[in-house]
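Here chain A shows up in two complexes: once beside chain B, once beside chain C.
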Partner chain A sequence: MRSIFKTSAAALAAATMLSGAAYADGHGVSGPLRIFSDMSNPAPRAVMEGMVERFTEANPGVEVELVITDREAWKTQIRNVLQSGTADIVNWYAGNRMAPYVEAGLFMDISDLWEEGGLTETLASTQGSMTMDDGIWGVPYTYYQWGVYYREDIFAELGLEAPTTWEEELSNCQAIVDSGRSCYTIGTQFLWTAGGWFDYLNMRTNGYDFHMELTAGEVPWTDDRVRATFENWQTLIDMGAFIDDHQSYSWQEALPFMVNGEATAYLMGNFAVAPLREAGLSDDQLGFYQFPQIDASIEPGEDAPTDTFHIAANAENVEAAEAFLLFVASAENQTLINNGDNLGQLPVNSEAGVDDDEFLNAGFDMLSNNAGGGIAQFFDRDAPAEMAQVAMQGFQQFMVDPSTLDQVLQILEGARQRIY
Partner chain B sequence: MASVTTNPPITAATPTPPAPGPRRFSQQTIAPWLFLLPAFLFFATYVLVPIVQSFYISLYEWNGLYSPEYRAVEGSGLTDQACAELGNRAGREEGCELTGDTVWNAEYVGMENYANLYSDPFFWTSLKNNVIWLLLYFLAIPGGLFIALFLNQKVFGMRLYKSLFFFPFVLSQVVVGLVFSWFMLPGADEGLLNVILGWFGMGPVNILGNNTTATYGIIAAGLWPQTAYCMILYLTGLNAVDPEQIEAARLDGAKGPKMLWYVVLPQLWPATFIAIVVTVIGALRSFDLITIMTNGGPGFYNTSVLAFYMYDVALSEFGFRMGYGSAIAVILFLIMMVYIAGFLWKMWRDEKA
Partner chain C sequence: MFPRPIQQYSPAARIGYQALLPFALLVWLIPLLAVMWFSVKSGDDFTQGNYWGWPEGGLEGVTNYWMVFAESDMPRYLWNSVVITVPTMIGAVALSCMTGFALGVYRFKGNLLIFFMFVAGNFVPFQILMVPVRDLTDQMGLYDTRMGLILFHIAFQTGFCTLFMRNFIRALPRELIEAARVEGVSEYRIFWYVVLPLMRPAIAALCVLIFTFIWNDFFWAVVLTQSPESQPVTAGITAFNAQFRAMYHLMSAGSIVAAIPPVAMFFLMQKHFIAGLTLGAVK
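The block that comes next holds the complex of A and B.
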């Protein structure tokens, strides 16, 4: 067992008490366990604190030191925390966002834990997005679907149905624009929302596999297939589908347009449901549909970003950290933390239950039965950090002024040649 | 033009020099160095060493991360070298263990970062914006002077007015940025600016969302506290203007602009000098306002300046190019150096005179 060779006295003490098969059995782990979490919003914070409480109840020997950092600030602070060796467990994201830390050897490879803890079966759906360099580097605790959240009442008023094809999408949108509204609200000040639009348009125009090749840097951005994606995007922009001045809003600041009925739909992650409900939209007014197909011959790919826990390579209490990860990954825990009273998202563990919520059911059904193309993480998690940064700036630039497309694609292609 | 009033200058009592003696002499030579020592240490640790490090790192390609170091476990048949070469697989290898130290895995690339900067359009956008900032920020100096002259009157409640004018400088730049971005919100009935424009029948504008106007919008926000800063410098400067000279000038018939230009302004030169210094520094380190108001956008770094671009490529959420960021920092340092050298040269010349 690899952990025996860790230098920490605590780990050594714990390791001598355990046999190799004791992974799944948390009893016997002890000592301090330092967890750095980014679950700082009220509901996630309560979930994180609840998990720690239940874990320490089952493992009274472990003293958890929990540090919860602001979710945005954590995106840069994780570097310091991992390098200073102050954490045993950290929160992060699946996919290419792990790359810098995996390459630098700052995350611990937990392939053994996946094998022996049976995670390769229960978490099989995300094994691919947790795998890099032949290792598995963390465990997922939640994920959520992306899709179009729309105003059912306004659609009914205009006599529209949720679209399934691009033609229906365009004719719907024309009717919405003619009624004096925008089809979609969006706030691109922080860029990533435009990344969501690109993901869907590209996966529908060219398919999931092409999208993955593009984010992996194997296809030039000046390729005609990429241009086809932008042409579809431009069709929407030219007909006035998006709200004006979106470059000045954050995603939250774009919500009121939908609540006030100035825009009828929002391409967003499921986390948008909570604020829309809080703003007064009832479930009769709010609906969900899968992003419509553009090319009927292409299996739909979906974005479903996965949030994760990782063990730091220089963790001191590896035994307890592994026990905590198994606890997080368990079906029982994932059912509980993802229900409507807690995160309100989807559990990753295939044996966990999905809470009975209109949008969670719709999302679960879509991802299980209607995502034949494949499941992507999200543009900024699938593409390397630098590429994601410059490409999302390009998407925003294109949305503000579609005539600059050639220049945008040149810049992105230049960046691709430098980065990969 | 507001009248210029002055207070009598304060004359300091000249201290009597201590009696000379051999013991006292050595104390007097050592004491200043002792007092300076802490400052020197801090200056070296937090200024000089980082400057040298920036030069050094700018010659490397590095993602800003140190890796944990591994060594071979005795009797495992592996060597330390073999464990090091395993990279991120070493943690999985039973024959390797952590040493507790870290490895700096950077690649030496010589001047490549600088060559890339030269052909990087975003670098030039940022540099151009820096120049715009520098030029327009100087408006704070005449603006501050005007307000200072206006406020330099003996009217009931003047202290209150002065504090109100000084208020924006007390605010954090983040707050200033937020207030101005709300002020300039797009949409006809959202931002106050567009509401006011609407009264005059002018259409809504989105200053911060437009590639060509966004930088000017941010500079306008920056001028608000900067003008207040210059104003307070001039207000203190005006206290030191010699009333006898004013009186003499008045007897000679000088008034209004001529009085200001030929009599008052020359005496305000020390205040002007400090105002120039703080304004140049303020312009070059403009970073928080940009982050808050536009996040460098819209589009590709359209409102970025060198300091922002450096942060974005090296330290932000998606920034992992520490070497490249250091190269930008070095360029920014050299630009500042031109100006700092001029400043030092002037100080040296003044002290000699």
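The block that comes next holds the complex of A and C.
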């Protein structure tokens, strides 16, 4: 009896898998499919080529033409490619970064695909950041968490716990400063690291929705709520929480302070873990916590930059393109491409598996269960490029000399009125 | 004016000179020494903040250079550099031999004007040309191809080469050419059999100069190409950067490898190189 049950369960599973596969096959799609990708670095490039290979194996009728462009260059080329109609599928980013192409009608609305393919459930965590003007404009294939990576061993030595509230955070930091260390390492030479700090302080002080309004240019920078964010930031700066001379380091050059124990934590993306481990920090020494709450009534928003695929509005082979997007979004594919041998990031599909890695698990759990405010894409993706540049320069200046806050906010407000 | 030879200075000044020279040399070479040193360290040293000290895990030179040669696109970039540099060198020098001959030997209306146009090209900063040239190559379908880079380099370098060649030919004894004319030798044969052999030192010097110019070009390589299929090594080195991280050790090793051909060229052809720098100038 038991074996019969087992067999039928297996058969059932096989049948569901088959039907799933049949859908991914897109009912026997065929024809040429032109994909323009920006996954140009060696590991992502291999992932992209691998996806195309596996997709064509499952869909022998489709001839994929894959063009991989340098990631930076792609940012200026995507418009040309979309307008000239040379692509069916393109790589891009979620959130406000989609806006210019959505508004220009260059991306295809694939809300129906999300409904039919069940993506509204499996990709629920990013549905918000893929939605714009009541349409859904693409599918995500990977993201990664931001948060505070800290020296567990030094915290233990000082008798500290990972903070969950702002009070704990401040008392922790005071203890760390008193022990002759800095609370946080940071390298603001290339500005964006300061953008991360602003994202978190603002989302914790004023909430995700306000943060989105601000980056969308709907709120003046001289608003009192923005000032409140900067006040919290200044509390940390005045305590001596950040390392000195941070404006002369890149994010990598700020790592040694953490490795050598001169600073105890780093607000950074998960990509910081690999170099920290290589530099000799064990998982016992290295820990992760979510950026602490500041206002208990506010749901935490999180930065998780999401990379995506989109169908061009003037795509010629829409059927094959949809099949490819479903293939990309599938749990099986997302598990594979995000594992440690490939991208080493987080799958977006909630049914996908995550490598057994302390930090990936923590991030996956945090983003799936504890990011109720919403998922932001990071300051320089949420705000328009020009605004982000001016603003992040302002953040850096503020971090170096907090007394210039008024001047900084004036500059930012001037930029907002000019840019939006 | 040449400076007074050091031997003629007072003994105190000479000792001071000898003591300071190695120091100045060291200061001068620090960036280069740093790149060499970084190229034999492991990536972890940079994360540990151990920039100058002895690497903890031992020297990683072999690993780094092996990575560069065997596990990256570096050989391909080097090959691209060769494919771009050599035709440019041949093309620019060949063209300028002809233009130099025409402008240096014949007297015709507008000679000077044409010559100035060649020279004037050298005075246009290439930052100004960046956008139009990029659009032009794009419209010609040559964007991101080696041919696009080669054609542009030839066009741009021919101006300088023409100045160089024309002045050199001007300095040749005209009697040689006139004697040949009296003998009834055709102009083509005069160019080929009389003038060209005399130009050998200039051709050699110019080849060396152009080779190093083009090999070391970074600006146009970045503007006009972007894939491993067409990028020369100067631009390709950045491929060692991962999406988030800069691989200082691999970039350093790659830079050393990329610098070897022009440096070797310089030492092998030192005589011509220095001749090249002064030939056009002392006229």
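Structural remarks
Basically, the second predicted complex is superposed on the first by the 372 of 420 C-alpha atoms of A that agree within 3 Å, B and C clash if a C-alpha of one lies under 4 Å from a C-alpha of the other, contacts with A are read in each partner's own complex, and residues count from 1 in each chain.
Note that contacts are C-beta pairs under 8 Å (C-beta built on N, C-alpha and C of every residue); 3 or more make two chains touch, one makes a residue touch a chain.
Just so we're clear, the structure is a prediction, and the values are computed from it rather than from any experiment.
In the superposition on chain A, A:Gln247 makes contact with chain B only, not with chain C.
By the touch criterion defined above, A:Val259 reaches chain C but does not reach chain B. Residue contacts after overlaying the shared chain place A:Thr235 against neither chain B nor chain C.
When the shared chain is aligned, chain B comes close enough to touch A:Asp380, but chain C does not. In the superposed model, A:Thr56 lies in contact with neither chain B nor chain C.
Of the two partner chains, chain C is the only one that A:Ala279 touches; chain B does not reach it. When chain A is checked against chain B and against chain C, the one touching more of its residues turns out to be B.
Contacts of A:Thr86 after superposition on the shared chain: neither chain B nor chain C is touched. When both complexes are aligned on chain A by C-alpha atoms, no chain A residue touches chain B in the first and chain C in the second. Chain A makes touch with chain B in their complex at residues 2, 5-7, 72, 75-76, 79, 82-83, 85, 100-109, 111-112, 133-135, 189-191, 244-245, 247-248, 313-314, 380, 385-386, 388-390, 393-394, 396-397, 400-401, 404, 411, 418.
By the touch rule above, chain B contacts chain A in their complex via residues 63-68, 73, 87-92, 94, 96-98, 100, 102, 105, 116, 121, 181, 185-187, 206, 208-209, 211, 294-295, 297-301, 312, 315-321. Those residues of chain C lying in contact with chain A across their complex are 43-44, 46-50, 226-227, 239, 241-246.
Residue ranges on chain A touching chain C, taken from their complex, read 41-44, 68-71, 73, 250, 252-253, 255-257, 259-260, 269, 271, 274-276, 278-280.
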